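Next come two complexes built around chain A: one with chain B, the other with chain C.
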Partner chain A sequence: MASFLMDGGVAVAKMFNAIVSADTLQATLDSVSVLVDECKIHLNDEGLEIRAVDPANVGMVDLTLEAAAFESYETDGGLIGVNLSRLEDIAGMADAGQLVHLELDEETRKLHIAIDGLEYTLALIDPDSIRQEPDLPDLDLAAHVVIEGKDIDRSVTAADMVSDHIALGVDATDELFYVDAEGDTDDVHLELDREDLIDLTPGDAHSLFSLDYLQNMNKAIPKDAEVRMELGDEFPVKMHFDFAEGQGSVTYMLAPRIQSE
Partner chain B sequence: MADWTERYRPTTLAEVRGNDKARDALREWADTWEDHREAVILHGAPGIGKTSAAHALANDMEWPTIELNASDTRTKDVIEKVAGEAAKSGTLTAGGAGRRLVIMDEADNIHGNADRGGARAITSLVKEANQPMILIANEFYEMSNGLRSACEDIEFRDVGKRSIVPVLRDVLRQEEIAFDDDALTEIAEMNDGDLRGAIKDLQALAEGRDHLAADDVVTGERDTTEGIFDYLDLLLKEAGPQEALEASYDVDETPDDLINWIEDNMPKEYAGSELTTAYEFLANADRWLGRVRAKQNYSFWRYAGDNMTAGVAAAREGTKGGWTRYGPPSYWSKLGRSKGTRNTRDHIAQQIAAVNGVSMRTARREIMPFLATMTHHCKNRELTVAMAAQYEMDASHVAFVTGSGKDTNKVQSIVEDAEELREEAAVEGSDGAFEGASAGEATPDADAADDTEDDGDDTDDGGQATLGGEPAGDDGEADDGDGSQASDDGDQQSGLSDFM
Partner chain C sequence: MEFAEFAATAAEIEGESADIATIELVAGLLADAGDDLPICTRLVQGRVFPAYEATKLDIGPKLCYEALARAAGRNVAVDDIEARVADVGEIGAVATELDLGGQQGLAAFGAGSQSPLTVAEVADELAAIASASGSGSRGTKVETLFGLFNRASDAEARYLARIVLSEMRIGVGEGTVRDAIAAAFDAPVDAVERALQVTNDYGNVARVARDEGADGLADLELTIGRPVKAMLAQAGTVTEALEDWETAAVEWKYDGARVQVHDDGETVRLFSRNMEDVTEPLPEVVSAVEDAVDGPAILDGEVVAVDGDGDPLPFQEVLRRFRRKHDVARASETVGVRLHAFDCLHADGRDLLDAPLVDRQDALDAVLGDADAVRSTFWLADDTERIEDIADEALAAGHEGIMLKDPDSTYSPGKRGKHWRKRKPDVETLDLVVTGAQWGEGRRATYLGTFELSARTDDGYAPVGNVATGITDEQLATLTELLEPHVTRETGQRVEIEPAVVFEVGYEEIQTSSTYDSGYALRFPRFVEVRSDKAVADGDTLERVERLAARQG
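Entry: the complex of A and B
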């Protein structure tokens, strides 16, 4: 209920005019589109903010992109609703390093997108018709791990060969982070100790997660990113990383699979 | 203008009206869920509070909900992804210990959507779920047996008039609209059992007024669907033409299905000359249905409908009595049973079509009958072997064309001989290939290919002339068919020349 009121209080955006590099735009869209097809984008002076939860209420993304990440950025604040897969397709038309110009037409409720002479007019979606944004759960997770994006990629890829779910955990006594995937016949196990990790705050943690979701999130995590992972015992995992040279930040949350006996 | 059914939807189970027993059972199910971990099916007529009860329960238990209803695409994929993940995962706020309620509305209606795998996906999901699930259905018995036995079930009964009136009264009080009691009784009567319908009518009548008098209640009766069995009873036993036609408007079957229902059950009532006349009308109706298909002009449905309902009713002499056991049309089950046969037939037609370069339709209608006659019961053995070799038939195919038993020695030996014949031909063909394996062999090859294509075109136009025209062309090809690629064609050719 609270989030509903919050949405109701935010006006639909009237003015938005920005220029951004295609890489930054693509990274932004990719991070969100792994979970949802449509989302609300909050615009304000400091930058833009997207929060969305997938239809099963299992995965959640919270993204901010600072105004400084744009070449130019102007808005009077407010909310727009977009079809992410469309916008992603359009952004995909741009080459790396090209600039994308986004401009909101207040009259027609359309977003004009210009990429080096190519103009695309994207019909926006009424924000009220998009799923409510989730409240950010306030979690106190015991174990913190800072890990390289490529190690997540390695774990997820290996686990996918044997199973559809994956256990992430921290062994507090041995001070190591581990990944377990048990298939019907084959198993995968990976251990990373303090040496292999960028940082580790030990605490007992072990939770099972859906590999589908982790794989999708993994797609959006840059391989060279430092990912701050927070884990608990049968609790959601939080994964936080920066993009766009530190001017954008993404936090993923994923609810655990219930471990059936 | 908010919908009153939404505005006054109960927020806790205690506010759910008219189904106290079901309500208590649902609460009991939720309280003991940790022990039994079963899903529950709420079933009953539309508009009596099943969905409201599910949401009220979630509210009472403070369970967040995930809802999949009929407006979502409910393919196997979506069900497994969304409901499956929701039912197997903990929550974002409380992790593995957090509960979440998965509500599947109109669960009896899933196969109505694109994907038939959907219903099966739900059954397996119900068994694997680690979270409470509520399935909501109008027709309990339209769900598969497996699904029904995997769940508890709670029946919601129609909400009685006496329970509807107080609800309407509460709503009007909150809307600050004065009313006559008679008006509410009337609305409740019109919507016998359907609480949602009553509230909707109430909103239509009362909104914007400050007083609702009995005279204001003027809405007509709600359309209801008539069951097909009741309709057949009416049509085949007593209704006059007009009554039969008008009653058919309330039957939820397309003319294509309705005609099968009528055709299959009519002989159980009709006999003698009335049956003859009725069949004539059905034949007319069928012709109109054919025209609908051919022209895609659905306004012809009305003529089909007139014939199959009013026509059949008019054909009846007098009225019939008693009780008759009507059954669903056998058409679909016949299609199901003949599926294997039809597949065999289509496979043969496809072979013929590919080899002879004709359409499957031509192969089926104009070539296969001749083959069947020529090879009837394998009397002309040599020809049958040639045919089997030519079209690479196995025993079941030979049996289908000739009418001989599939497992008979006769058919088995024919298939073996055909195999031999094919191998011989292949060897001949490849011999040729090795001989011609010098430079420049590609050109005659290409010519050969062109020849076949041309022949193919001719036969398409030529319709039945195929059988005669074909081998000539292929013979010609056999002469220059010494290229390496021609080994495939090789067995075709020898097959067809034997044919002649």
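Entry: the complex of A and C
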């Protein structure tokens, strides 16, 4: 789906009326809330898009959810600002598979949320008060890896035992994806070859990352997802995966740490 | 202004010990600040928000260490930073040695522009931290702070960390900034001082001084809804007050909490002495003011906690009410509060800070009409007895003592001066007769010390304590010379002295005691002076000691 995110001057949404499964809504919110508490949601005929960067401008999320992912979806386009943790709490009230009805009240600037008899009226946030959305950097990253969500989880968990930093790399010669974590006394090294990976496009890559961020992103990556990871040499990492049966997509981007040590 | 420039100046200021040179450096900073002038006047004092604003940065050390740990090099934990701070003793120095900035931002790869930290950005980000609330906000605060530290150089991190923890400590106080504003923009210090008093806003005063000069400063006025500092009192005595002023304004001194009342004619807001908004916890005061005050007005007063019978309760009860955010209705059932308004800073569209106290009292009467419910007591008195009567009444009514004020004095916000004096019973001294002493030890063996003090009784003298402190070696020599001729008996070190000399003695409190025959003992007695003007027959009686003891409640 083409990005319809504009550079600014986007009008505040007037009409939005949609029904979506609780699972899809929760997955959407969780993917963004690992980085920010508040975000702008862009509404458009084709679906919704959220782009946000954490307060330190280190980790970014770019999410789209197509209109087809909803049971019903109507909007005249525009923008709303939401408190994600609040909305997550509400969505959490629904059982898996239950439907959530979202309707914007243009007069009061509130979002009515109905879940099987439960009604919640959520005050929206002025989009202008929310941190500006980042530009999407255009990166040409040499190495591509397609990896299962559970293997990212394993890597992050292993690294966390010894360090607060994690190095991700691809050895182009041996055609390996590897993870290094150096602690004060102990080290962790993990290798995944073509057998272990879904796909590998070799290229020399090695970058060091803060485990804090990667752990947060990992929380939102489904264990059974196919994650397309793009890596470079001392460059940000991009991680892309789909959700909601391919009708939702998330791309994370995380800036590296300087490898001074 | 780039934050690096601010940090460089802060470092210069920190290294400068001379006051005048410090003022010059701060003045230079302010002169160069441009649009960032208001922020710079605050940051240089280690403040992010104007003093009158209720907003607090409220970042605890733990949160700050967490952000620093994340911005630091590999495997630096919160505990490591805590340990370093314990070693080094201050966060600024620790922040400079952490090798911050290892994390690159996405901006370096084309997501947004990459620019040096500015003072405006620092202030904005810290404001964002202060306003973050709700679930998940702690994480946002850490990340935002981490983002700032991550972009800071070592020199910047030093002052950023200190600002974050409100520990600037570069020797710049409010007076320094006042003088620096005057120096930077060629404005009279008095005009700056006055403008600061009425607005309580260093940033705005600096801006007005620069852009509008002395005239602009003179135009600044009190704003209803924006608290100013309270005028303060020092300890004093009735005698001195009457000596200085002939006639003294006398008020009961309430054992409560200071409250400033701002009534714009429609809404009443209440502020505590540290300018916190305490409107919500004190609904009875708000409604009492709504009933009584013919606004707009700014009043100064004391809020006292009262029990079901309307009798005053200790000060702590008021504080408990201040802190109570929930269940105010229930709290006000058990502990009531009552306002005693005793001054009027603004009435009828007119600022009254420069008006004499007696005129402000008239204004207070006019504003309150005949609503005695919230008005403090007020008398003008020119003789000691009358004032002592008022004091006795105050104590009998369960209050703390009396306030003595210069009837002609103006209202000086934030000043603790001689125009207002508080007299609590413990400020009273006793004139007691010396009836015994002990020879000293070692170096002081040839001096009499530890003097036994007695109050007069119907048929003689009753000891109420021994005084040994507050006396210098020279005084000991003089006192020995004075008292030795009156020694009647010596038993070892102990001597008995015939009543001849009167000491004026201060003390913390009078306790009932079985140690002395009088039944009373002075707690922490201290020597003030020899009352050579007083004969022993003029010494204080045991009856007075009893009365003072009873007043302490």
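General observations
Methods note: the second predicted complex is superposed on the first by the 252 of 261 C-alpha atoms of A that agree within 3 Å, B and C clash if a C-alpha of one lies under 4 Å from a C-alpha of the other, contacts with A are read in each partner's own complex, and residues count from 1 in each chain.
Methods note: a residue touches a chain if its C-beta (ideal position, glycine included) is under 8 Å from a C-beta of that chain, and two chains touch if they have at least 3 such contacts.
Predicted model only: the values in this text are computed from it and were never measured.
Chain B and chain C, once both complexes are superposed via chain A, clash. By the touch criterion stated above, A:G183 is placed in contact with chain C alone, chain B being left untouched.
In the superposed model, A:S33 makes contact with chain C only, not with chain B. Contacts of A:V53 after superposition on the shared chain: both chain B and chain C are touched. When both complexes are overlaid on chain A, the residue A:P256 reaches chain B and chain C alike. Comparing chain C and chain B on the residues of chain A they touch gives the larger count to C.
In the superposed model, A:R86 lies in contact with chain C only, and not with chain B. In the superposition on chain A, A:H42 makes contact with neither chain B nor chain C. Of the two partner chains, chain C is the only one that A:S163 touches; chain B does not reach it.
Counting contacts as defined above, chain A residues 53, 55-58, 60, 134, 137, 139, 210, 212, 235-236, 253, 255-258, 260 meet chain B in one complex and chain C in the other. Residues of chain C that touch chain A in their complex: 70, 73-77, 99, 101-112, 125, 128, 132, 134-137, 139-140, 143-144, 146-147, 150. Chain A contributes residues 33, 36-37, 53-60, 83-86, 89, 132, 134-139, 163-165, 182-184, 210, 212, 235-236, 253, 255-258, 260-261 to its touches with chain C in the complex. Considering their complex, residues 64, 66, 81-86, 88-93, 95-98, 100, 130-131 of chain B touch chain A. Taken together, the chain A residues at the contact with chain B in this complex read 53, 55-58, 60, 134, 137, 139, 207, 210, 212-213, 232, 234-236, 253, 255-260.
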